[in-house]
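In the two complexes below, chain A is the common chain; its partner is chain B in one and chain C in the other.
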Partner chain A sequence: MIQLSGISHRIGGAPILNDITAELPRGKLTALIGPNGAGKSTLLRLIGRLEPLQQGSIHIDEMDLTRTPSVDLARRLAVLGQQTQIASRLRLSDLVAFGRWPHHQGRATARDRKITAEALETFGLGDLSHRFLDEVSGGQAQRAYLAMTFAQDTDWLLLDEPLNNLDMSHARGLMSRLSGLVGSAGKSVVVVVHEVNYAAAWADHIVALKDGRIAATGTPDEVLNAGTLSALYDTEIEVARHQGRPLVLHH
Partner chain B sequence: MKHPLGVTVAALVPLTLASLMTGAASIDVFAAPSDPWAMLVLMESRLPRTLAVLLTGAALGVAGMLLQALVRNRFVGPDTVGTGESAALGLLAITLLAPAAPIWLKILTAAAAAMAGTALFVAVIRRLPPREVMLVPITGIVLAGVIGSIVTYIAWQTDLIQLITTWLMTGEFSGVIAGRYEVLWIAGAAAGLAWFAADRFAILGLGEEVATGLGLGTKGIMRLGLAVVSLVTAMVVTTVGMIPFIGLVVPNIISRIMGDNLRQSLPMVAAAGAALLMACDLIGRLVRYPFEIPVGTIMGFVGAGIFLILLYRKPAHG
Partner chain C sequence: MADTALHLTAMPAGRRKTRMLLALSVLLAAASALWLFQGLGEGNRAFILQLRAVKLGALLVVAAAVAVSTMLFQTVAANRVLTPSIMGFDSLYVLLQTAMVAGLGVAGFAAIPQLTKFLAELVLMCGLAVLLFGTLLGRGTRDIGRTILTGVILGIMFRSAAGLLARLIDPNEYAVVQAASTVSFTRADPVLLPIGAGLTAAAIGVALWLAPRLDVLALGRDTAVSLGLRHGRMVVVTLALVALLVSVATALVGPLSVFGSPAFFGLVIAGLAHALARSHRHDVLLPAAVLIAANILVIGQMVFERLLGQQAALSVVIEFAGGLFFLYLLLKGRIR
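Up next, the complex of A and B:
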């Protein structure tokens, strides 16, 4: 369980998060949803210690985030931010292999190599593994970063808008894989998603943020209804049902 | 090229031999074991010079590669971001404040000043918008210019212009004899040590977020990288002067060929840096034999040419 208590955060004086207290359950696929600027990414980045915590506390299972050495965290929690920076010129196989770094610190074992190869295969990068990161498409690079995060093989997986740049089939494949990790391997996953229907179709637990506060939490059935979503996005939204799960109609 | 490292090392052997055989004194280096005069020239002049060139080329290449990984920009080298000028400033300061200081203290001061200057550069470029790639090298050039002019001003006021020209002017190896190049071994050792942290530098090259996610202390790696870059640059500037382009061009060429897996590519960068500088030094020594053209001048011609080719050619697909 990730326990968030009293988290407030400002960037350049502007309040981004206001006194957030919540629990993210273990062994579930949790989706963070909400309008642009709601603070979803900031919250995820705080949990992944990509931003320094200004106020409040975060506990990941028994670990206090600010007191646990970064390298110990890296064996328990993998975090992938949005890749907005200029790519380095690494081969995809080298990039994915770096996902094992927290476990071997430079001395890769046969097991590390096996996990790396599996991660490459899982994301359909087998044939591209010798290509350089700056020579593949945005979607392929995104899959390589995801494969690196998978190779890290941690209890917790935090992904900030992982569906960016992915086409329909790869997006669906990723959500299905995340759901599989939760179901079969007992992992816990937290994703920021923009398209609410991916949350509707795959998430076990939803945290909706608006203006830096928690607007709603609960199962998809509890959160994804016309009333809550219309208020969340300030837009008239209908919700239908499809194969036993909510289907959000917003076009 | 299937084995770029093998090819480069193979090219280094004849270059090194040629360097040992080239010089104003007409001696037969192969007769050195039996000819004390040839032996003296070899051990006091030819060998130190050859080693100095090899060490400088290799260390500057590695320093350039590290710097480019640390600031995530391909268009900088230790000679374009103010590192050398800062080293000169440190050396000038200790020369004025404590002229009797032992040599190791002077070297240490130069390295510390170089590190402070490079850290200042890194701090400044962090505030630049990340997509404005060209602002990074421009900032470096401006910073180098500012620090360089401070050095010149102080030297002018204190009648030390002659002293600083050896550091700030185009570097050359003609003054290298035994006893006057040995600190370059420190540069070589620093570059060699960097290899042991190669994976860490490569991960930091992916950006601070990825590095943090993988549990790396980014500040520590940044400091280690800056220390290596500064140490290498300070040693080179204080012994042979500024050598342009090696730290800029060589990492670019090797990155095109081998990518940025530094554990694999750093030895190649070192070998290629040594080979390129050795070739340029030989050209400088042979064009107007027995007179010399400074290697920095040759390197400026050759390096600028290579850099232009690199800018206009797309990287080869690997």
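Up next, the complex of A and C:
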């Protein structure tokens, strides 16, 4: 369980998060939703220690985020931020292999290579593994980053808008794989998603943020209803049902 | 299946890199031997040999320092066109020379023991670096752009201050400053050279030891932190190594801008190292960069001294030859 208590965060004087207290359940696929600027990414980056914590505390299982050595955290929690440009010229296989770094610190074993190769296959990158990162499409690069994060093989996976640049089939494939990791491998996943229907179809738990505060939390059935969503996005939204799950109609 | 595929391609790639490093080493050994023994007359062999050996040593130390500092700086800055030469070390060195001559006079300046001067320059230049990089520490080490900009502005300030001082002193003193402010591999003193070489070797040793972590650092802050690298500390350690290397080289032979626009020399080395090593691994990139830089400097200096009879500047040789090769690689698409 990730325990967030009293988290407030400011960037350049502007308040981004206001006194957030929440629990992200273990063994579930949790979706963070909300309008632009609600603070979803900031919250995810704080949990992944990509930003220094200004106020409040975060516990990941029994570990206090600010007191645990970063390398120990890296074996328990993998975080994928929104992509940045990498200056070095990397092959996709090199990038994915870095996912094993927290475990071997520079000396890869046969097991590390096996996990790397599996992650490449899982994300359909087997044939592209020798291509350079700047020679593949945005979606393929995104899949390579995801494969690296998977290769890290941690209990917790935090993904900031992992569906960016992915086509329909790969987006659905990713969500189903995440759901599978939660179901069969007992992992816990937290994703920031923009398209609420991915949350509706795959998430076990939803945290909705608005203006740096928690607007609603609960199961998809509890959160994804016309009233809550319309207020969350300040837009008229209808919710239908499809195969026993909510289907959000917003076009 | 995929595992074996990865394995199979990893092997020849490793062998190719070893071959590349070996070829560069052989070339360097040949160039060094030619440097030492070419046209060695009958008389005074020992004296000439010693003179040449010291100069060769200085060339090698400076090449290694410039190569590694450039590679490290580019890794930290996540940028392939920046080199540490924009950080104002050269200007500080010139300002120090001018201030010493202005303060002590020509006789006083000449009377400073070489070792004292060398160490004082080293301490001052490293002090500047600590100040500069200290601004990074306070900002969570994320504002590397700001630090670089501060360095550029300080460099301009030092240059202006040196220019002002130069105008105030008398022409004879100014001639001394000018002589002290141009690079000279003959100035490298047999006493200072071993110290400079030792410091440079130590810094490069640390860099090689840190190589796996440098590979992760090059992935950018977010990815590095996610993989558990202590990013802030790593940035500071890397920049400290850069500062030490640049300071040692500058204090040893003078402002490094002799290699033409110094940014260009660093750029050529880094570009060639990436093109020839074709790897992201610093344990391959750093030795490759050192060997490339050493080859360029030794061969360049040899062409300059023995073929052109000192009739051109070393920078012309380096920029012309290095630039041509760089262009060739660029056009072949080996550099990007």
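The rule we apply is simple: the second predicted complex is superposed on the first by the 247 of 251 C-alpha atoms of A that agree within 3 Å, B and C clash if a C-alpha of one lies under 4 Å from a C-alpha of the other, contacts with A are read in each partner's own complex, and residues count from 1 in each chain.
What we mean here is this: a residue touches a chain if its C-beta (ideal position, glycine included) is under 8 Å from a C-beta of that chain, and two chains touch if they have at least 3 such contacts.
Since we're looking at a predicted model, the values are computed, not measured.
Peer 1: State whether chain B and chain C clash or fit side by side on chain A once the two structures are superposed.
Peer 2: clash
Peer 1: What is the contact status of A:10 with respect to chain B (first) and chain C (second): first, second, both, or neither?
Peer 2: neither
Peer 1: Report for A:79: first if it touches chain B alone, second if chain C alone, otherwise both or neither.
Peer 2: both
Peer 1: First (chain B), second (chain C), both or neither: which does A:152 touch?
Peer 2: After superposing on A, A:152 lies in contact with both chain B and chain C.
Peer 1: One more residue to check, A:89. First (chain B), second (chain C), both or neither?
Peer 2: both
Peer 1: One more residue to check, A:120. First (chain B), second (chain C), both or neither?
Peer 2: second
Peer 1: Report for A:59: first if it touches chain B alone, second if chain C alone, otherwise both or neither.
Peer 2: Neither chain B nor chain C is touched by A:59.
Peer 1: With the two complexes superposed on chain A, say which partner A:131 touches: chain B (first), chain C (second), both, or neither.
Peer 2: first
Peer 1: Once the shared chain is lined up, is A:177 touching chain B (first), chain C (second), both, or neither of them?
Peer 2: Touch status of A:177: no partner.
Peer 1: Mind working out whether A:194 is in touch with chain B, chain C, both or neither, as first, second, both or neither?
Peer 2: A:194 contacts neither chain B nor chain C.
Peer 1: Which chain A residues are contacted by chain C in one complex and by chain B in the other?
Peer 2: Residues 48-50, 69-75, 78-81, 84-86, 88-90, 94-95, 98-99, 101-102, 106, 130, 134, 148-149, 152 of chain A touch both chain B and chain C.
Peer 1: Mind pulling up the chain B residues that touch chain A in the complex?
Peer 2: Of all residues in chain B, those touching chain A are 69, 72, 130-131, 133, 199, 202-203, 205-207, 209-210, 212-217, 255-256, 259-261, 315, 317-318.
Peer 1: Can you list the residues on chain A that touch chain C in the complex?
Peer 2: It is residues 48-50, 52, 69-75, 78-81, 84-90, 93-95, 98-99, 101-102, 105-107, 113-114, 116-118, 120-121, 126, 129-130, 134, 148-149, 152 of chain A that touch chain C.
Peer 1: Using the touch rule from the top, collect the residues of chain A that touch chain B in their complex.
Peer 2: 48-50, 69-75, 78-81, 84-86, 88-91, 94-95, 98-99, 101-102, 106, 130-132, 134-135, 145, 148-149, 152
Peer 1: Can you check the complex and tell me which residues of chain C touch chain A?
Peer 2: Going through chain C, the ones touching chain A are 2-3, 5-7, 9, 74-75, 78-80, 140, 211-213, 215-216, 218-223, 225-230, 274, 278, 280, 336.
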